[in-house]
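This is the structure, below, for whatever I ask next.
Order as written gives the chain letters A, B, C, D and E; numbering starts at 1 within each chain.
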């Protein structure tokens, strides 16, 4: 029959690595990227997907609960929080410390995965963050920093890597205690063969290497 | 009677009409501003629904308890005070509108519309937009548009109000041709229109019909002040006695009684130019000589109209400027009015 | 127009126009040509134009009668209908998308019945059009209704007296006379549909070639490169410029 | 109105109304009361109302003169200005936010100068109002301009002949006579500002009490619980209902 | 002269006017539809800007190369064919509008507006909206609104076109009071308006002034067909010869020459009721007897107007119905017209 042609619903933060993945493997993949929870809504609404890749554990749990998955979810990558400043670090930020006093800090809202991680990290470090904005997506945090509107922001390492020279990255040692986990699963009612071949692609060595290139941590 | 029958009320305007117009007649509807003339026309055209009662045209009930025939199915053409030419169409397209609406092919409609425009003297304006026309031009085009559809019934609500004197006779004779034998209603404030175009007349006042009938019967014997003013005669109200009308103060004005004059409340009509004014009783032969007081003086071109008070009623006399000066007429002056008895009609 | 009104006029226009300049200043002009001919961009633009044209057409077919009926309504009915029609304009688009999903989605109020017949709208190009019509049609309806109400109906009466059926009155008098409002309403609808993003993403998803319209591509691109996203948005602005400019040319008022 | 138009009318109205029903069907009614009195919801609603009232007022002050001036323009100028004014309506809101950021932001075209004077708009409630005015004011301008153009100006001439200065003509004749369009334009503006989300998020950020308006709260809530988000969106719908219903009551046309 | 001076052109309408009106006079502007009367009024009110030339009112140049005075600073009141009452204001507020615009306190303005409404007979309509008025009522309110501001110059563009006969005399006398001593221009199609209200007259045709002067000078000696129709007299054009006018075919119509009649091209005016028609020359005393051919017959109320062809020019005669029947008048019939020489004015 026909060549496998998986339809993949994936968290927005996976946009770049997944695009390259399909290109390198020379397979045809249709991607639909978006916020993880929104993707679950769509799956529940009957979206014709074969694979679902989530950017956090809670969302994957919800997908399983809603009964839109087929088989066990697999963890395939992790991500760490880092501190970014605009290029040149105009506010002279040195880390999660007093240098943030009076600076415009932007973080994720505690309601979203990256915000939950941020809150936990702050507690571990023992600092009270006073952000000027609590965004609902990492992209928005990054946007505020790259545009220079904010002096600093807490984003995932992958986002910092993607922003290239627009930002300066400050690693935070304690963040390894609060890794963010990425999960992938086949979707119920989708094409099982296409799904398993794509999940294979992601979890195989080449896929893992590529994810690492984009700043993701190992599963 | 199979012409127009209206027995209907429009409550919010306090208009209650009861009317019969014969088929094929042209009826003039006259009356003061706000009398309900446009309301009457609206009931016939279908623009207004009566609250109660019925409206029938040529034997067909077009509004009433049994239902309502919408305007476009009434075969009625309407020309109003405002020309209401379609602003997005040029003059020719406006004139063609009704014909095209009735399914006349474009080519024929165009020819007929052009002919109609020609007849109202607007053939050279075919490609103008309505906003490029003067008021009178617009009204003529609207007339052409209304007449082009050759309707069963034609309603004209003061169609000539904005036309110039040179144009009015032409339009009037055009209307006469088109209205001949066709049931039509003409709202007008102009006596000439009534005399030249209408065979019947309806007088409205404050939302009610006060007089109706053939022009020849109604106009010479006004029974309302409005109609008397309209025809330019004096109207006196009193009691008919042998050969005269007795007014409130007992004065009797002698005159000629018609066949239908019976004793009791009645009227006398007197043309303004049959009234003479004098400082003292002139003692001439067949005339009335009554005491009057000047109320108002109004120049009217070649003559001066002097309005006097006769036993509480107004009486107008047209005098020459010389006579007015000679008498020294001014409000409040007491005079004697002489009225030829042969010019006084009693009814 | 009093002379002092030119001050707020200038302020208002500046406030609306300068951000566009700001945007232009950030666009990476060098990369623009390559970006514009990229497969993804061309595909998304094509899809956007197709869906917007269809959505505008559907909005005209459904919205003109809606506006007509509303313009004839009075009292309570008018208020209720007008209010209902306006709601999709005020919903945040994402909420609009959720509302569509819970109605036309596989498990939605209506969708579950359609689904039983084998019709599934979600995540197809049809869903994109639905989302666009839902958020954009009210613009047409509101713009047109105002114009229809302002026309006192006298011309309709005249036309009826000349023998025009209601249908003919509609086509030859009512609609031509409200042509300016119709054209500007349609242009607004098209433009709103063109910029539609939240409802589409939520209800139709973001699949290249099927549901990924230009605004969705802009959003996706922004995940990687904000300046590139602005460059793509510029394409949207250009298309809108053309549509609005063309509509404005038709929009000469018919003076009475 | 021809009878056949009732069919598309019914279809159109259904299409706009049923999704609201679908939305209502999903709202977790049991949790609603607690949600509505939650500190977060009350705070967001208050902020939304405040910013929308201010944004509508600013839009009136700047937009009415804009519409007036536009309604007097002809030819090319009219087309250009009309086109420019329409653009913020067609921009996807996120792009609008980016445009604002690149203009009024700390490093933006205008913002860098303001910043030098110590004025920073970003992350303040002022930024929310800016975003709302930017996306919503065009609704007022377009709605009003149409009405002003339709009025042939004859009444203005009459008023001037009676001795009214242009300012008096504006206040006593032009504006009162276009009151229906003014009210419905203002209601649209308010409603659009109320639903504004993308531009606010991008330009102003999202901090409870300062910049997190109700739509932003809805969006955030949706990351955890879609049904709860719908419940919050219901509040938006209710507010919009009230505004539009009230405006519709004022919106009786002045017949000539 | 410090009244009104217009020497200006509006190109798109092909109107080029050159006019002087004395201060304090009421000038009637008459002419066919589209002649430029409303254009003239527009130049004075400030609604139109001339393309070239100047417009001066009471010595002040209000339009010209030196600048343009906007309408609200001209002290000019305008009443048009359409009443244009503000639809969002009630009748009282409409009447108060001008006063309030001139800074008159609310209380005073209210009282004056009420008084003015009273005078036009609309005191009982104060709280109606314009759309609840009949056409004539609306026009009266508009008149009250225009007069309330006691303007320097009053412009009236067919203000009485839609008024009923009963109302018109009242309004006319109201206008006479208000226009007395005030510079005013009255566009009208009604001879009575000219005779009762105007001291001067301007005749426009196809965008040009064809006659102007005092009513008493211009009206009796029409030099245009329009003015002759307007005043209801016959106008013949030819060569003035001793005691008569020689027409194209050599026929000489005898008449009375005025002081200013000089040999050369000239006119004769003849009232329609001074023309008799006969089957053969009646050989009476001081009359003209000329051969004519019937062109058209038009009933006009009590009389019938017969238009005949005299040496290529039209001549109207008013006959009784009886006479018409007796003569068997119909188009094409050859008759002899007798004209009293004393009724023929030569100039």
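Observations on the model:
Note that in this section a residue touches a chain if its C-beta (ideal position, glycine included) is under 8 Å from a C-beta of that chain, and two chains touch if they have at least 3 such contacts.
Because the structure is predicted, anything quoted here is derived from the model rather than measured.
Listing every chain that touches chain A and chain E alike gives D. Each step here moves to a touching chain, and the least such steps from chain B to chain D number 2. Contact with both chain C and chain E is made by B, D.
Of all chain pairs, the one linked by the most C-beta contacts is C-D. Each chain gets a centre from the mean of its Cα atoms; for chain A and chain D, those two points are 34 Å apart.
Centre to centre, using the average C-alpha position, chain B and chain E are separated by 22 Å. A straight line joining the Cα centres of chain A and chain B is 88 Å long. For the pair chain C and chain D, the distance between mean C-alpha positions equals 15 Å.
Residue positions of chain D touching 2 or more other chains, listed in rising order: 98, 101-102, 165-166, 219, 222, 226, 255-256.
In chain E, the residues that reach two or more other chains under the touch definition are 82. Multi-chain contact residues of chain A (touching two or more other chains): 38, 41, 143, 147. Remark: the chains found to touch one another pair up as A-C, A-D, B-C, B-E, C-D, D-E. Across the complex, chain D is touched by residues 45-47, 70-72, 74-78, 80, 82, 84, 86-89, 97-98, 101-102, 130-131, 145-146, 149 of chain E. Against chain E, in their complex, chain B makes its touches with residues 31-35, 38, 81-82, 133-137, 140, 158, 161-169, 173, 189-192, 195-196, 225-226, 229-230, 296, 298-302.
By the touch criterion given at the top, residues 154-155, 157-166, 168-169, 172-173, 176-177, 179, 254-256 of chain C touch chain B in their complex. Note for the complex: chain C touches chain D at residues 1-9, 11-13, 15-23, 25-26, 61-66, 68-69, 72, 78-96, 98-104, 108-110, 133-134, 137-138, 141-143, 146-147, 149-150, 152, 165-167, 169-170, 180-181, 184, 187-188, 191-192, 194-198, 215, 218-219, 222, 226, 229-230, 233, 236-237, 240-241, 244-245, 248-249, 251, 253, 255-256. Contact residues of chain C toward chain A in the complex are 98, 101-102, 105-108, 111, 115, 120, 122-123, 201-203, 205-208, 210-212, 220, 222-224, 226.
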